[in-house]
Amino acid sequence: MALLSLEKVVGGYGGAPILNGVDIAIERSDIGVIVGPNGAGKSTTLKAIFGLLKVTGGAILFEGEEIANSLPDKLVPRGLSFVPQEKNVFTSLSVEENLEMGAFTRRDDFRPTRDWVYSMFPVLAEKRRQAAGELSGGQRQMVAMGRALMSQPKLLMLDEPSAGLSPRYVIEIFEQIVKVNAEGVGILMVEQNARQALAFATRGFVLAGGQNRFTGTGPELIADPEVAKSFLGG
Amino acid sequence: QDVTIGILADLTGPIESLAPAIVAGAELAIAHVNAQGGILDGGTLASSVADSGCDTTMGGAGADRLVNTDQVTAIVGGFCTGALVGGANAAGIPGNVVMISPSATAPVVTDLDDNDLVFRTTPSDAFQGVKLADHLYAEGITDVALTYVNNDYGAGLANVFAEHFASLGGTISANLAHEDGRADYRAEIGQLASSGSQNLVILAYASGSGQTVLRQAVEDGSFTVFVGGDGMVGDELLTGVDASAVEGMIATRAGAFEGESATIYANLATEAGNDPNATYAPQAYDAAFLLALAIEKNGSGDREGLSAALREISSPPGETVLPGEWEKAKALIAAGTDINYEGAGGPLDFDENGDVPGVIVYLNIEGGSFVEKGVIE
Amino acid sequence: MDAVIDVRGVSKRFGGLTAVNNCSLSVERGSITGLIGPNGAGKSTLFNMVAGNIVPDSGTIMFDGADVTGLKPHELFRRGMLRTFQIAHEFSNMTALENLMMVPGDQPGESLLNTWFRPGRVAANDAAVRQKALDVIDFLKLAHVKNELAGNLSGGQKKLLELGRTMMVDAHVVLLDEVAAGVNKTLLQDLAANIERMNTELGYTFFVIEHDMDLIGRLCDPVIVMAQGEKIAEGPMEEIRANPEIVEAYFGSPVEAA
Amino acid sequence: MKRSLLLFAGLFVLVILVGLATGAPFTSRLLVEAAAYALIALGLNIQWGYGGLFNFGILGFIMVGGFATMFVSYPVNAAFWGSDGPMMLGRALLAFGAGALLVIGARRLDRFGITGKLRTTAIVLAWIFAYILYRSQIDPAAAYIESTAGFVGGLGLHPVLGWAFGGVLAAGVAYIIGKICLGLRTDYLAIATIGIAEIIRALIKNMEWLTRGTLTVTPIPWPTPLPQQLQTMGFDPSSSFVWARLGFFALVLIVLVLVLVLLHRAYGGPWGRMMRAIRDNHIAAGSMGKDVTGRQLEIFVLGSVLMGIGGAMLVSFTQILDPNSYQPINHTFLVWVMLIVGGAGNNLGAVFGAVLIWIVWVMSDSVSQGLFTIVSNWTEAIGWGAIPDITTRSVQMRVFVLGLVITIALRYAPRGLLPEVIRRER
Amino acid sequence: MNELIFFFNNVIVSGAVLGCVYALGAVGITLIFGILRFAHFAHGDMMTMGGFITFVLAGLVTAAGIAFPLPTGFVVLPVAMVLAALIALGLDKAFYAPLRLRGAKPVTLLIASIGVTLMIQGLIRLIFGTGTYTFFAEEPKRLIRIDTEWLGATRPIAMTEPHVLLFIVTLVSVVALHYFLTRSRLGKAMRAMADNPDLAQVSGINTQLVVRVTWLIAGSLACAAGTMLALDVTLKPDLAFNIVLPIFAAAIVGGLGHAYGAIAGGFLLGFAETLSVFNWTVLLRPISGIFPEWVSLPGNLSIVPTEYKLSVAFVILVITLLVRPTGIFKGASS
């Protein structure tokens, strides 16, 4: 049984549906990458999984249970976590408080997790008392990911984690993602830095017009000439 | 034939706590009329109340409703000067409706270009202010700190008072307007106290700023003698004030003058369960009673000719009619005898501006409530 | 050399942090100049000062040979400078089409008197503006969302709209702040081609902040490198890539093949 | 379109119903005031709906307009013009001018190389000196006028000129306020404008030499024949009211329709597009070549002009200038309620909201009395006894009725009954 | 010395009292603004309502014949605060939550809150009439007079018992709020939500719960503010409506969304008001000897006439905003 599976999901923002049958399946060991043209419905897919918009058809199963249209405060305790593309830190809160907010749904002692996050992003431990708004773009991205990891998710969803980062940080962030995945957290992310991301993706999904166009492992997709030409910039 | 008179009442706004008693006064007169044979040919005298919010615009709207929608014959009110003037200009004067205010005291009403339609049964502040000054000076108070509520009532009264008090030789060591309705007047009191005078004159409303100013002045402890105008005479004034601190406080108001009619009214009011000392209630009684008499005299519920009839029944010569004597008055009018109403608030002989000379009485606080002491000569 | 933009010793502080520190650089007329540097290097801040969105604490900025330090953005626009924003600044309650239609400057219909008393002229001009906007929107492959509120567009679509604005006017200097971030690579190829065309055929000058090295490598010559608020290098892309310090600070190792 | 037709038809029916219940004279009065408020609501719609400017100082502009029309149309006060008053005022004006020059001079000191702290100090000193200079002239003049002539009086000109002057004066005030405050962010602008409105109110209330302050000025003439005048021409009282008010109404309506047409043209075209762009994102709009501060000032002034004219009309109509009757609740807030319930960003919505809410506000008096009587009858019937003091208490409930209408309307139409139209291509 | 005591009484004490009231009111407004992003206009009337709730409770207790060494109104305050908090919650459920659910703009919520204001006013008047009530009808209000002979003055420092209680209540509320916001999980969640509501939701924070807690706190603080104000002055239906504008000014001067800003703003405005109308002649009189002959002290030397006192708060507001456009603390915006 897949950790997360979307079957023919249909949904939108009230008008015409944006998603017209999206299929996705992710295991806990997977790094899934969604690519596609602008407006294809990639972000919408992540939001649909996370209950931020109305799903009108199909099924979203998490560990075999239907989760379509449940709200984040129900999903986070079940092991889902989401890093939005922009505005993904609490700028006026300190780094440590940001992490604490990530553990809001947890009742148990979250300090071990926090130390784990610090061990993964040592620079955050240094800046634990600093307001997140004072950090550079790359550091913020780490805070955002750290926050999402604090709930000990089984699946981490990221919306364009590398956007706007300098090449050096892009590499760093991707390395971290692989590392997190190695700790047993499933990854599902949207990327426009598609070649780089697909290079290490165990599952790749090409979305266009709210539907799957191609599905395969990352390297397979990169190798597919049609995918490369239409979606990866040749 | 049934007749309706309107009551343009400031049920909301700064005098909202005085208003119900005034309305009750007018309605008592109407009750007397109806209990003693009704109006005209056994018709009922009815009333219609409109709110005027102590505000010109609302006064206009309220009067308009009374004049044009309810088609009243005449109006008691408005109570505040602003409401009266607004109502008169918007609807009363163009509608040819007689309006008698029981309580609008500002001097402006005197000069209103009103086709002889606007009257009042309470003397102008031009009168009360002078009397208050006279009284204080006679009591040996020669310097005062003065504060008044910044509206037509307060400003008008304060101007007259200050001018006259100074002309008597007294000193106004501070003269300060304050806005109505704030929760806190310590700043103003501080300024008043800084003038050095121990005597504080407050010309405001008991249910408005007056009460707060008085209480905070007591708490402040800088003053020993407190003085108020008619607006200050109300039960609310002493809520929350340590009564012993204001023992002896002086106030003036348009008097139920020391006449037979006053006593009669007081009895009638008590009988009906009304407070006989309520501010402006006697004047409202008079206003309504006068209108009823004028309508009876005029012989119909028409507006035409009412103001002339009003002047006839209110001033000498003629047989004296007292509060509550509707049956007698009705018989006299039917017989064609001239009558002259002597009201609860005075003889009510209107001058050419529709004003009455009236009497001003003074009151003192004794044992925690106002006690009327006598007429100021 | 003929500099359109000449930044001379400009500094900007935010509280205790010096975002741009006595920085001087210039952009040659007719060039496509790239500006790269680590996150937080002060690139966007520099743009904001050049475009008049913030006033420098010290230093001067020359544009077309005139001192423009402290001028308002709209005044710079009148002089022919147009910028895009790193974080898309769409007009969220207007449709995508209107977002483009509002761009051209000096539309006669923007004066109240004209709209009241010369409706004919206003209408004629507006029709022309609309046609142009429709063309641009087609080019950007946004035709299907032209009536959508811009606030409802996807992240990348907003960026495209941002870019579309530059095509609505005859500005001769265009500042692009990370237009590529979040834009699909295939479409980006078209955009790059278009930028090159505007540069060669129409003589536009471009000043481009970008983290996408492919794009910078394809378009820009020269490339300026900023770090910690200062210019640290300038030259053709190959030269920059050959500088080990920059590679360490900016590209990170291992360097990917360009 | 269909929706607005339907709603306006409903409104028409409502007016007819009110007319049947209250009679023609009262309804005609209500219509005049509603139309004046519609103009004011349009002014606010320009500022908020078009420009996103959070003006909570409507009261101030209405008041300025009211003062203007009083000043222009009230009869000339011979006692003032025959006294030393004009001369003293002239001197005060000179002092004001001199002070203004001084301040302007101090601000320009940077041209002579004096900058920084020194210049700031000079400006502050100039302000203080100018203030003292002006006060030294105006205080005696004011005291003199108040004690001799009462107040300055009017100019005795036609009231319509007064309306125009109301617009002009409001524009001037708006210009100054705009220059100072338009840089502030939305909520801050709101409270700053509330504050300035309160200051304007305090000024008009306390400048007795100019406005008679709380002593009120009345009666202010009408531009059209008064009922009394019609009565002398042979109308009976009741119809004289109706015809006189309809005459006034016609005048207001002409202005209103004219304004609506002009606004429609402007807002439908590039001007409106630019304004909406500025409202949505002023940073981007500035970078797209729009002069944000200039345009915001334009819009602020334009809206204020309408408020000034509307305020002038109201004072003309009620014939009295009474500073005390200007309360935030029945001017500023009421207008906001009109706009938001009607639909911000939609001119017809503003007009619709204005008329609807004005009817509710005026009728809430009788409605709450009616409601109360029903409740009282019911409590009496079930043996709890009638509600005491019913007439006096029920009018307290008029605010409740208004509040109820607002919350219900917003609940079912949060964007207003006639929401802003999104301009989509076909 | 007497003059200094006069200054102390009229400026320091009065300003502090005013400041406490403004601050207590402004904290609620600022909290609601920070979290729900709209200016809650009905806050003033929630204060008044709180005052009346306490009044009713105090009446019940007094009727039961129980007496306390402190004013009864003060003793029953905690219970009243709980009731007021629940009512605030109900108001949100009935009027604001549906609007939020439909994605209404902040201005729509603001106008709705004006509607709520009107309804509360209507109801209060309906139930209690228009009169003025006092908490001290049965028991006397204790005046506190501190002798100042040791300072060589004859004029005492004058305060009342409610003043002292007001200071205490303000202090306790502020400290408690501080600890709640910075130490407790829920308090941090509130700050997180004020910072970035979307991200808060994504983090799994129960935003409904945070909203509810916000209303509970705002409601109970409003009740405390209204009660303390009513204890100090009197209780009347328009008690707080008249000061809601300065309260808003205080919240904004302090920086909307900042609890400490609201407190700073409240005190700033409170002192500004008392200072601006203070008659400085009082302080100059004792040293009038040092002036040259031809200078005679005017009877009144205050910065503004009291008629313009209300304007002071707003002038300060405008100046503050021009100098620091986001308020003393950096404020949020809708």
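For reference, chains read A, B, C, D and E in written order, and residue numbers begin at 1 within each chain.
FYI, contacts are C-beta pairs under 8 Å (C-beta built on N, C-alpha and C of every residue); 3 or more make two chains touch, one makes a residue touch a chain.
The chain list, named the UniProt way, goes like this: A, C = ABC transporter ATP-binding protein; D, E = Branched-chain amino acid ABC transporter permease.
What you see is a predicted model; the values in this text were computed from it and never measured.
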Looking at Cα centroids only, farthest away from chain D lies chain A
Work out the mean Cα position per chain and let me know which chain is farthest from chain E. C
With centres defined as the mean C-alpha position, give me the chain B-chain C separation in Å. 74
Chain C and chain E have mean C-alpha positions lying a whole-number Å distance apart equal to 49
So what's the Cα centroid distance for chain A and chain D, whole Å? 53
Give the residues of chain E that touch two or more other chains, as numbers and ranges in rising order. 130, 307, 310
Which chain D residues touch at least two other chains? 205-206, 389, 396, 398
Touching pairs of chains in this structure are A-C, A-E, B-D, B-E, C-D, D-E
Given the complex with chain E, which residues does chain B contribute to the contact? 12, 16-17, 150, 173-174, 176-179, 181-184, 186-191, 193-195, 207, 211-212, 215-216, 219-221, 236, 239-240, 242
Hey, which residues of chain B end up touching chain D in the complex? 9, 11-12, 16, 19-20, 23, 49-51, 55-58, 60-62, 64-65, 67-69, 71, 81-82, 85-86, 89-91, 93-96, 106, 108, 112-113, 115, 150-152, 154-156, 177, 303
Chain D partner, complex, touching residues on chain C are 51-53, 72-74, 77-78, 82-83, 85, 89-95, 97-99, 101-103, 105-112, 115-116, 119, 122-123, 125-126, 129, 146-147, 149, 165, 169
Show me the residue ranges of chain D that touch chain B in the complex, using the header's touch definition. 21-26, 29, 205-206, 213-216, 218-219, 226-228, 231, 237-238, 240-241, 244, 314, 318-320, 322, 324-325, 327, 330, 362, 365-366, 389, 391-392, 395-396, 398
If you look only at chain D, which of its residues touch chain C in the complex? 262, 265-266, 269-271, 273-274, 276-277, 279-281, 283-293, 298, 302, 422-425
